[in-house]
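Input: a single structure, listed below in structure tokens.
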Amino acid sequence: MEIINTYLLSVVLASLLANFVISLYAIFFKPHYIKKIIALTIFSDTANTFAIFIGYRRWINQNPSKVPVLTDLNPRAVEEFAKLAVDPLPQALVLTAIVIGLAVILFLVFLGWILYSHYKTLDMREIRRLRG
Amino acid sequence: MSSLKSILRVFLIFLLAFAIYTIYTGSLTGYDIVTGVLVSIVVSVVFSGMIIKNPLKPLNAIRWFYLITYAILYFTYYETKAHVDVIKRILHPKTPVNPAIIETYYNANSDYAITTIANSITNTPGTVVVEIDETRKAFYIHWIDAKTLDPLEAKREIFESFEKFARRIFD
Amino acid sequence: MLMELILIVMFIYAIAILLLSIIALKGPTIGDQVLAIDVLTYISLVLFTLLSIYLKQPLLIVLVIPLALWVYSLDIYIAKYLEHGDLGA
Amino acid sequence: MISVLETPIILRVIGSALLCLGAFAALVSAIGFHRFKNFYLRLHAATIGSIWGSVYPLVGSAILAITVEELGVYRWFVAGASIVAAFIVLILAPAGSHALARGVHKAKVARVKPCIADKLDPELCG
Amino acid sequence: MSGETGIYILMAVVSLISTLAVYMAVVEKDLVKAVIYSALQSGLYTILYFLLLAPDIGLVYIPVAVGLIPGVLLILISKTERWEKE
Amino acid sequence: MKTVEVVVLIILILALALLITVGFEHIMPSTAVRPPAEFYLYATYNPYKLREYTVMSPEAVTAIVWDFRGLDTLFETSVFYLALIAGLALTRRLLSERAEKPGHGLSLIVKTVTRITAPMIIVVGASIALHGHLTPGGGFQGGSVIAVLPMVIIVVFSVSFLIMRGFTTSKMIIMRSLGLFGIGLTAIALFLVSLIQGTHAYVFQNMIKPDAQTSMPIYIAGALISGTLWFFNLFEMFAVAAGFSIAFIVLMLARTLQVEER
């Protein structure tokens, strides 16, 4: 049973790695600017998911692992919470990363609009050619 | 009179906002009540003109009675009838369909009544409102089993009872 | 007894999500894809509720309301784009 | 006469029935997406998925959550959130379907097929 | 079958579909469709965050990735061009 | 047809997973978390044993975001604003807000439904932010939930509708500055107080530390507010919501400006 669980979790890890590879490929080799932005969002989301996945905690003796939020406020609940809850640190780091990611995407979108009004295209090959 | 009406309007939205805040928060301690009241006051002042035009309508008990009757009737009878019909069509080996976009005319005035009718039509499988023409008061409905193309007959077939209730509730 | 029922229901919902995501991936037109994503999300709301009952973690339910509120935003963006070609008009 | 002891059982039966209905409807809706070959027909399968597949089981799980004692005071939280989510889906899903259908029809992305008549734009028929 | 394995199966299936969505988003020439694929990927990641017990991330990820990024990208597409040339 | 490629992709992933299972099992999540995480979980609400390190907030994520790693978050917030300001600076010169005629928008049904959901959104966002120290949520979450509302209103009604209603960028900038000012003030509040009193306290301090014995209020009238966390959440909500709203409005006005330029 244990090995099946490990295999299923490694399917998650493998797909995240595949997402990394595919989106990195798109960021570097796809010529269109908007496609690059889409790939960038996918890349940052995958990185965030990867961080949270690393912080996941497996079940202990059929006890589901817990959300990192305390529900009862008493000393015994605190002890149990520290034994069962998942890692809150990656979640805290990812939280700000997502909002910053959106701000960066907005900046890139503004930049794309400026680029388009200058060159009348967003295809990177053509922009490179137009610059001479 | 008009100032009383606007205060009433704000108060009604305040109640709605506070109810949602309480349900979403899921607890009713002193902290929740204080913050909920503050947030609801801000929201109701900002949105009062946008949601309710005539504040006397929501205070009418007969409208609420019709609303409850309509909800019970709609969720038990009309939904079941329409769902069973479409589920039969999906599971039938040949998927028998007979679709058309038909034109019908509604007879309601307020925005909420029109929206209720249209959402009721769309929420019953088998009919979807594709386009609404406000000047001619026309719905264009995609109907999976077009029994008729005549506007009046189609109206009787699809949404006459919805319209009756919606006008009693919102008009 | 109840938990087994919930597990079976969740299994059926997972199959439905799988079938819908096939349409969302290959659906011939844009409309089909957006519609499939919609229904997929509405169905996963039920999955979320059942999971938070099954895992005995009521706090997970907070995700349901924002998700229900924002699914239709994709609909209206696509609809506005197809209708006018400009989202601000 | 319903005694206090039996009430949770009745609630559980109602909730479980709604859940089973929801599971069946969700599966049928997903099958319908595969069996119908046209966008406008799929709209009807989508309605099954959103009403019987989502609104009814959300109400059912709210009823079930009240009877689950392990959740403590938070069961009202779960039940309230489910009810509000059901209400939101009930009013937003048809608006989304309508907006999408209108956009697709105006942009002529999909044809109405099979079709008896199209009063809105006869060219799209067939 | 225990509940743990069930949760992990769901996780594996969801992440597999998300990889397919990412692949389709990258190879698609129609940029509107690429945005829709990335929205599908966002929805699947939301389910994944839920299963990984991160409601905080879900709460910030749903408005940003489901509600805002498709809209912002569609604005840019509507202002510029829809098709990616060969 | 892409079916072949998709099947190849699935098989590749499954094979890679097999490889990971056999060879790299130790990188998988296990039943334990790393020691720092265990400390954070143990210290987030623990007035019983760790009074000198606890944040008194049941929400571990918000506790880390605004207390254990509060300085990080402050600088991340400033990065976020720099990105937004850089974006706005690109179009700043071209910005002109005039209440033109209202646009077409979508159909009546969608408009009415959006009208009903608009207050719901603000209430839900405010609830998320104000309960950030008790239940999942916080300033970033509440702010981004609220920030979707201007976007939806722009799409469903039109951008000129939003401007005619009074949601101009200047008002949004005032709101955003208010939020940022509040964040800064909360960060140094305890330092200023101890400066006046003549005692010792750190910048960004929340609860008592071994060598700084002043503390923000944990309870106000019996309600747990966890010191600075409540204020940070509130101000961050304003800042995030207003900041994104400005960006959307400017982004939407861009089209008309481009036409006028020609």
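We just call them A, B, C, D, E and F in the order they show up, numbering each chain from 1.
Basically, contacts are C-beta pairs under 8 Å (C-beta built on N, C-alpha and C of every residue); 3 or more make two chains touch, one makes a residue touch a chain.
Just so we're clear, the structure is a prediction, and the values are computed from it rather than from any experiment.
Under the touch definition stated at the top, chain A and chain D share these contacting partners: C, F. Minimum number of contact steps separating chain B from chain E: 2.
Of the two chain pairs shown, A-F and E-F, the one joined by more C-beta contacts is A-F.
Chain centres here are Cα means. That of chain C falls 10 Å from that of chain D.
Note on chain placement: the centre of chain A and the centre of chain C lie 20 Å apart, centres being C-alpha means.
Centroids built from CA atoms put chain F at 24 Å from chain C. In chain C, the positions touching at least two other chains are 25, 30, 34, 55-60, 62, 65-66, 69-71, 73, 76-81, 83, 86-88. Counting only residues that touch two or more partner chains, chain E has 3, 9, 16, 19-20, 23-24, 53, 55-56, 59-60, 63-64, 67-68, 71-72, 75, 77, 79. Across the assembly, chain B contributes residues 20, 24, 118-119, 129, 131 that each touch 2 or more other chains. If you check the complex, the residues on chain F that touch chain A are 9, 12-14, 16-18, 20-21, 25, 27-34, 36-38, 40-42, 44-46, 48-49, 58-61, 63-65, 69, 72-73, 76-77, 79-81, 83-84, 86-88, 90-91, 135-136, 138, 140-141, 143-144, 240, 243-244, 247, 251, 254, 258, 261. Interface residues of chain C facing chain F in the complex, by the touch rule stated above, are 25-26, 59, 62, 65-66, 69-70, 73, 76-77, 79-80, 83-84, 86-89. Of all residues in chain F, only 106-107, 109-110, 113-114, 116-117, 120 touch chain D in the complex they form.
For chain D in complex with chain F, the residues that touch the partner chain are 88, 91-92, 94-95, 98-99, 102. Chain C meets chain A in the complex at residues 55-60.
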